[in-house]
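The following blocks contain the structures, represented as structure tokens.
Note that subunit A is present in both complexes that follow, paired respectively with subunit B and with subunit C.
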Partner chain A sequence: MSFGYLLFVNTKHQSHEYLLNAYACALSIKNTQREGYDKVALVIDKEWLLEPLTNDWVFDKVIEWGEKEGWDGRSYMDKLTPWDETVCLDADVLLTHDFSHWIDYLSDTFELFLPSKAYTYRGEVITSDYYRKTFTANKLPNFYSLFTYFKKESPLATDFFTLNRSIIDNPKEFANMFLTDHKPKVIGTDEAFALSAKILGIDTDITHNLNFPRIVHLKPMIQNWPWPANKVSDHVGFYLNDNCELKIGNYQQNGVIHYNEKTLITKELISILEHKAWKKTF
Partner chain B sequence: MEEDILEFHKLLGDIDEPVYLAQYDPESLKVKKVGPENAFTDRENVIQIDIDLGKQICSGEIRIGSCYIDLHQQEIKVSEYKNLFKIDDVLHRIPLKEWFDSDRIDLAIFLFDNEIKIELGEQWNGTYMSGVLPSKRNITWGGDKKLDFLITDYNDPNIIHDAFSVNVEELYKKSFSRPLKVGKTQFSVYTKRIFKNYVCINNENS
Partner chain C sequence: MTKGILVFAHNNRDIDYAKLALYSARLATEHLKLPVSLVTDTSTIEWMKECGTYDRSTELFDKILTVERPAPTNYRKLNDGKEPSRVLFTNQTRHKSFEITPYDKTLVIDADYLIFNDNLNAYWDLEQDVILAKNVYDLSGQDRFQYLDSYISETGIDLKWATTFMFTKNEKSKIFFETVKNILENNEIFSQIFRYNYMQFRNDIAFSVANHICNGFQEVSNYTLPAITVTLDKDKLVDVSNESATFLINDASGSRLGDYFACSVKNTNVHIMNKKSLERLVSRQI
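Up next is the complex of A and B:
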């Protein structure tokens, strides 16, 4: 059985910063995950874009595929993954610790898994639905698609992703039928995944109420701050030291960091991640 | 009939460059209005300003809300006033020159083995020449003139090894040096941001 992470980059409607984000994500996987749990596959619409990257070996498999634009390609993750068991991550994510024990648990317990809890950078459970009015109004399960675990041969996962592709291809029809109490401007991956699970009636089968995977979600208005915010980085610093340990403000991070701000990944930060990857690998 | 051809440069020669004026509030010394001379009917509390500065304010390059009149000097000039409002302003990590994109440097910190040297950019009456022609501006320092610096763990201001302050006036026309007390080869320098562009320069890069 093979296990690996899967990342998507589509440059048609996403800036090239996403490729740097995915590169940083892959480096963080190589730096933190133990052998057998550190494989990364990248789905990208133009493979030649990888040429300027110093260490494109961090992508163990590269799949050139651009049939769907933007995030829509993620609903094909079950068809595109080269692994038997996969965790599909958003590109703007960093892993801070070895999470292989989570993967073992998920593999033993689930065919398909989506986290239903997220945390602020201070470790508080996010309860605000500021960015999730559609979820509350339409009683959708509160899933975060940025960390999606699935088994490739699972019939449950196949049904889930097949329905998900129908939703992405026919957003108006599904919104008119199922999201009448609050229609989102765009049906994103989170909404599509939650709606698929609700329609299939599997929303309680594909998640749990435990405190892992520990998703730290850095959207600004859900950080339990008593003031409005446009960007998290306006209010707290993002500090990656030379050992790739991350602090946000004065909080040491130990989860899956979904940082959201594409420009946080600077050349210097990439260089820190690369140095650690070289030391670990060579 | 012969056609008269006008000499365009002669026509231009007859046109005077516009004079730019600034009108200010006499109580707060805040600039209220900036524009070419013919836009002003009321000439009370009005001074003439540099044409380039006037154009920069009119185009929004310099915010009119951040401009004050400095009456303390013999000459009356427009000055800029800075506000602090982001974490990067109050706790700004000064990047190494190799990671710094802009040509314009307002304050440079030279890191030697046992010493740290600070120079202000020549556009602020300092000694550091960044190679870009400076456009000198006057500053009215609102309140604190202290530049605070922290020597910390690499990219981690939570672990502080040393702290010191420099008065901005100590950097006019001269540099400031002090011993560097840090037991690590890799460290960072953080500051409360008063200027836009700070940079650290390693000894071997200088």
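Up next is the complex of A and C:
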């Protein structure tokens, strides 16, 4: 039984920063997860783009695939993953601690799992629906697709991703039928996943109310600040020390950090992550 | 293991904190049935002798402990109902609680915190080195607090309250109070790191920052003391007894400062921000 993480990068409609984000994510996985839980597969439309990366070995498997553009490819995660059990992460995510015990728990408990809770950088549960009006208006389950666990051979996961592909391929039809109270401009992965779960009636089967995985979601308008904000980094600093421990503002982070701002991954930050990966591995 | 209460009082030209401490200590003794010690300074003691409250203090207080009076550098704006004034705020000795307390376990209360029940006695046996209060509650039910009553700054950490706190004298709590002292002595630097306004030193902020540092820069699910019920300095205390207090509450829904409604509280501890009105009533009772 193999377990690994899966990342998607598609450069056609995504900037090249996504590749750097995925690289940082893979480095953070190598740096924090214990052996057996630290494998990373990358789905990318142009494999040659990896050549400039200093440590492309952090991607244990590279799958060249570009049939879908942008984030739409993620609905094929069940078909593309090389692992028996997978956590598909958004590229703009950093792992800060060893979460292998979560994986064991998810493996024992679920065939398919999506987190339904996210936190601010201060550790407060996010209650604002500023970016999720579609969810509230249409009573969709509050899923975050950025951390999706599934078993490849699970019939439940197969049904879920099959329906999800239909939604992504026919967004207007599904929006007209199921999202009538608030139609999103674009049906993103979060909306598609939530809608799939709702249609299949499995929304309570594929999540739990526990405090993990601890998703720290850094979109600016949901940080419980007293004023509107364009970017989180305009207001709080990101500090990664030599041991790759991350502080945001005055808060030590210990969750799955979804930082959203693609340009946050600088060469300096990559260098710190690479340095630790080298020290740990060689 | 000995248990007791500390009340701090440093008088200034505007407010006789020693008088407030005398009253709050009497209520604390009556409801919590524990010894109360006063922490003060020599000039305050001289004034107590001059105005005739010292003898009563020696009877009521378990011990009268003196610390050096800090330089008069810290000021704040306080209302007495609708009358604003700028007053000296001598609050820089609170970190000395650790070194000066005669008790193994200590509850520290502000001199303007009136105890009308024994709820705080339920917290003595908690196995936690330092216990702070996390929440405040507006007695009037109008929730007149602002953002910076919940956080030390717009993007900063949660604000805890040093109005009441409890600690066990041990190595861990020593580190906590040394951290508070460090913040006091380097307030401007800490204010840059934690982004709070350093113009007025507040124990609430210093304790919050120390707590955050000692918890590894994270919010942790520690025990907290009960929410502090507060009346604002715009409110006026008009009557107080051993079990209850009556206020004229500034009506937040009204357009003008000075519109009031009556409000009474019984068997509930209250932090009275209008120290002048408390002092007026206490003077009559003592």
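One rule holds for everything that comes next: the second predicted complex is superposed on the first by the 282 of 282 C-alpha atoms of A that agree within 3 Å, B and C clash if a C-alpha of one lies under 4 Å from a C-alpha of the other, contacts with A are read in each partner's own complex, and residues count from 1 in each chain.
We take it that a residue touches a chain if its C-beta (ideal position, glycine included) is under 8 Å from a C-beta of that chain, and two chains touch if they have at least 3 such contacts.
All values derive from a computational prediction rather than experimental measurement.
Q: Answer with clash or fit: subunit B and subunit C placed together on subunit A by superposition.
A: Fit: subunit B and subunit C sit side by side once superposed on subunit A.
Q: Is A:Glu268 touching anything from subunit B or subunit C once the two structures are fitted on A? First, second, both or neither.
A: First partner only, subunit B.
Q: Please work out whether A:Gly123 is in contact with subunit B alone, subunit C alone, both, or neither, and reply first, second, both or neither.
A: second
Q: Just checking: does A:Asn250 make contact with subunit B only, subunit C only, both, or neither of them? Give me first, second, both or neither.
A: In the superposition, A:Asn250 contacts both subunit B and subunit C.
Q: Quick one: is A:Gly36 in contact with subunit B, with subunit C, with both, or with neither? Answer first, second, both or neither.
A: Touch status of A:Gly36: no partner.
Q: With subunit A's C-alpha centre as vertex, what's the angle to subunit B and subunit C, nearest 10 degrees?
A: 70
Q: After the superposition on A, what does A:His235 contact: first (subunit B), second (subunit C), both or neither?
A: Both partners.
Q: Report, in whole Å, the shortest distance between any C-alpha atom of subunit B and any C-alpha atom of subunit C after the two complexes are superposed.
A: 6
Q: Could you list which residues of subunit A make contact with subunit B in one structure and with subunit C in the other?
A: 235-236, 247, 250.
Q: Would you pull the subunit A residues touching subunit C in the complex into a rising list?
A: Result: residues 122-123, 223, 225-227, 235-236, 247, 249-252, 254 of subunit A touch subunit C.
Q: With touch defined as at the start, can you tell me which subunit A residues reach subunit B in the complex?
A: Checking each residue of subunit A against subunit B gives 233-237, 239-242, 247, 250, 266-268, 271-272.
Q: State the interface residues of subunit B toward subunit A in the complex, per the touch definition above.
A: Counting only subunit B, the residues touching subunit A are 86-88, 91, 93, 95-96, 99, 153-158, 186.
Q: If we count contacts the way the header does, which residues on subunit C are in touch with subunit A in the complex?
A: The contact residues of subunit C facing subunit A are 147, 154-158, 193-194, 212, 216-219.
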